[in-house]
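Dumping the structure here so I can ask a few things about it.
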Amino acid sequence: MSDASQHPEESLFEAPPMGEQERMVEAILFATAEPLSVAELNARMPHGCDAAEALALLRKRYQGRGVQVCKIGDAWAIRTAPDLGFLMRKETVETRKLSRAAIETLAIIAYHQPVTRAEIEEIRGVSVSRGTVDQLIELEWIRFGRRRMTPGRPVTYVVTQGFLDHFGLESARDLPGLKELRAAGLLENRPPPGTMDDPDDGEAGQDDQGDMFEDES
Amino acid sequence: MADRSDDIGDDDDFEVITVADRVAAEALIVDVDGFEGPLDLLLTLSRTQKVDLRRISVLKLAEQYLAFVDRAKQLRLELAADYLVMAAWLAFLKSRLLLPPDPADQGPSGEELAAHLAFQLERLQAMRDAAARLMGRDQLGRDFFARGTPSDVARVRRVTYTATLLDLMQAYARIRTRDEFRPFVMDRDKVFTMEQALERMRGLIGFAGDWAELTSYLPEGWESDPVRRRSATAATFAASLELAKQGQIELRQGETFAPIQIRRKPE
Amino acid sequence: MSDASQHPEESLFEAPPMGEQERMVEAILFATAEPLSVAELNARMPHGCDAAEALALLRKRYQGRGVQVCKIGDAWAIRTAPDLGFLMRKETVETRKLSRAAIETLAIIAYHQPVTRAEIEEIRGVSVSRGTVDQLIELEWIRFGRRRMTPGRPVTYVVTQGFLDHFGLESARDLPGLKELRAAGLLENRPPPGTMDDPDDGEAGQDDQGDMFEDES
C-alpha cells in the first residue's frame, strides 16, 4: 500500500511509464467482473494515462497465450483462448446446498461410522430415503463399509477420503464432539444433564477452565 | 466480594508523582472493562517501567497491580473474579520474592515464578506484535485481488452439491439436541446455590485434612453439563471464600488459572 | 465432456508440448478464483501433462506483471500485484471487522499451530470468547487439526489454505517474524513452574509443530 500511495502524487506531473500502465490495465481487467470501456479504464487509472495504448500493448502481449484480451461491444475483458475451452468444463458446475436430510445423514455417518441404515434412522428419528444415501455415494463422500456381523448382516456406511478432503479434516476422529461444539459457540442449545451420551464423554475436564470463564468477555 | 477495607496497606507502594501519572493511573481504572483479563492489564502496567520486557521488575509490577486493585476498590469498582485471583497470586509472589526462601518448602522459588510471569508477558506481547504484523500484510480483497469473473466459460452444466463443515457440525448438533425440544419445563435444576454449596462443604470439610482441589467438592452429577458445572463451581468457590473468612479452611492456588486447593484449617 | 473426449486419444501417444501446457495452466488459473493444486491441474489437463513444470515457467513469465502466479500452501492461483491495489477500490470487499480477541486468537493459532483451546487461553490469559473460534472457522481461516495425544485428546486448531491466500503467504513458514519468535523461545509451550505436568505432554505439542514448520528449504 505504501508504494501505491506514491503513484497519484507522481501523476500530477506526468503519467506513469507505458509499461506501468500496461500492468495496471492487466490487473484491472483481471479483477473486474464486467468488461470495461477505455473511458472506464482511464477513469480508474492515474491522471494522464492512455488506456487505449496500454490495451493495444497488452493485447499484443497476450496473443497466442492461454487467455486473450477481447473486445466485447465497446468494452474489454480477458477471456480464455477459444481453443482451450475444453479445459473449462469444471468451471461450469452449478453448486447447490445439500438438503437437510442429506447433511444430517452425512453427519451421522461421520460421527458414528461404521453405521447401518437402521442406526441412522434410529438417530434421526425418521426413515432415510434411498435417494439420500445414493446421492452421498455419488458425491463420493460415503461408501460401504464392512457388513455388520448381526442377524441380516446389514451393510454399513463410512465416510471417504473425498469427504475428509472436502471438509478439511485429517480424520473423522478430529470432528469435534458435542461438548467442543458448544465450547466453540456452535451450539446454542444444551441438552439436559444425563442425556450426553456422545462419543467423547471422556473429555470432561479438558475444557473446565474455559467453561468457568466463558461468558465473561 | 467480601468487604476488606483494612487488610491491604496504605498507598505507600503507589507513588503518584506527577499529574500526568495520576491521570494515566486513573485512565487505567476507568478503563478496566477495556482490558482483556489480568494478563493484559499487567502488560499495560509493565509499559510504565519503560524497559525491555526481559528486564522487567516483576516485584515492582506486582506492586503496581496490587495498587491498581486497591485503587479500584477505593473507587468502588467491581473487579471480575479473575482480577482478584491474580491479585492474590501476585501478593503471594511478592512475599516469596521479599522473604528469604524457606528451606522446608518444596514449591517453585519466587524467582522461578517471576521468570514465568515475565515469560508470559513477553509471549503475549510477541503475539500482539505478530498479530499486528499479520494484519498489516497485503490482504486478498483489499490489496490484491482474485479473478473477477471466475466462471467465464459457461458450457457443460453439471450440478454438484456442497456443504460446509459448519453445516455438518450444526446438523449433528441439531440431531443430538433434538430431545431438548420436548414439552418445556422451567428448569431451576441447573442452578446450585451458595447456600447449598455451604451446606455441602460444611459436611465434607471435617474430613479434609489434606490439600484437595476445589473442583473435587463439586456435587455429584454436576460435572458433565457445562451450565450445571459452572453454577456449581461458582457456588462452591463462593462458599469456600465464606468458609475461609470464617477461619474454617485455607485456600491456595499455585499460579493464575491453576486449580484452587483447599483444606481444613489445622487446629 | 464431448470436447474433452477428443483429446485423450491424442494424449495416449504423447503429451502436448510444454508451451501448450503452459497455456493450459494459464487458462485454467485465470478462470478460477480458488487456488488449485498441481494434482487438480494435472487432472484437468490431458494425460501426460506436467503441471508443475508448466507452472514454474508461467510463474517466471508473469514476474513483474500486473498479475502474478502465486503459490498458496500446495496450491496455485493468479492474483493482482499488491502494489496495484489502489486501482481496485471498486473491487474491495468490506470484510467484517475482526475483534481484537479474534485477531490475537488467529495469530496465536497461526504461530503455534497445531494449538488447543486451552493453550490459546493460557497465552492470552483469558478464555476464548464464545463465537471467536466460530467466526474464524466461518471465514475459513482456521480448521480442526489432529487431536492432541494427551489426556482428554483435545481438539487442535490449524490455519487453512484460505488463510494463506488471504494474507499472501506461500506457507505458514513464511509468517512474519516466525524465525525470530522461535529463536527467542516464545513459541514454546512452557508449563508454569511447580505444575506436575507429565513431561510428555509438552513435547507432544512441540513435535507436532516441528513437523509443521521444519524441513523444506
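Read from first to last, the chains carry the letters A, B and C; within each, the first residue is number 1.
To be clear about the criterion, contacts are C-beta pairs under 8 Å (C-beta built on N, C-alpha and C of every residue); 3 or more make two chains touch, one makes a residue touch a chain.
Keep in mind that what you see is a predicted model, and the values were worked out from it rather than measured.
Distance from each chain's C-alpha mean to the overall C-alpha mean is smallest for C. Compared with chain A, the chain whose C-alpha mean position is the greatest distance off is B. Per-chain Cα centroids separate chain A from chain C by 14 Å. If you average the CA atoms of chain B and of chain C, the two centres end up 32 Å from each other. Computed from the mean C-alpha positions, the centre of chain A lies at a distance of 36 Å from the centre of chain B. Looking at chain C, residues 1, 30-32, 78, 80-82, 84-85, 88, 91, 101, 121, 126, 137, 143-144 sit in touch with two or more other chains.
Along chain B, residues 36, 82, 138, 143, 145-148, 150-153, 156, 165-166, 257 each make contact with two or more other chains. Chain A contributes residues 1, 27, 30-34, 77, 79-80, 85, 88-89, 91-98, 100, 102-104, 106-108, 110-111, 123-125, 135, 139, 166-169, 175-176, 178-179, 181-183, 186-187, 189-196, 198, 201, 204, 208-209, 211-214, 216-217 to its touches with chain B in the complex.
Those residues of chain A whose C-beta lies close enough to touch chain C in the complex are 1, 3-5, 7-8, 22-28, 30-32, 44-45, 64-67, 78, 80-81, 84-91, 168-171, 173-176, 180, 183-186, 200, 202-203, 205-207, 209-210, 212-217.
Considering their complex, residues 36-40, 82, 107-108, 112-113, 115-116, 119-120, 122-124, 126-131, 133-135, 137-148, 150-153, 156, 165-166, 254-258 of chain B touch chain C. Chain B contributes residues 36, 80, 82, 138, 143, 145-180, 187, 189-190, 215, 221-230, 233, 257 to its touches with chain A in the complex. Chain C meets chain A in the complex at residues 1, 3-4, 6-7, 22-28, 30-32, 44-45, 64-67, 78, 80-88, 90-91, 101, 117-118, 121, 126-134, 137, 143-147, 151-155, 160.
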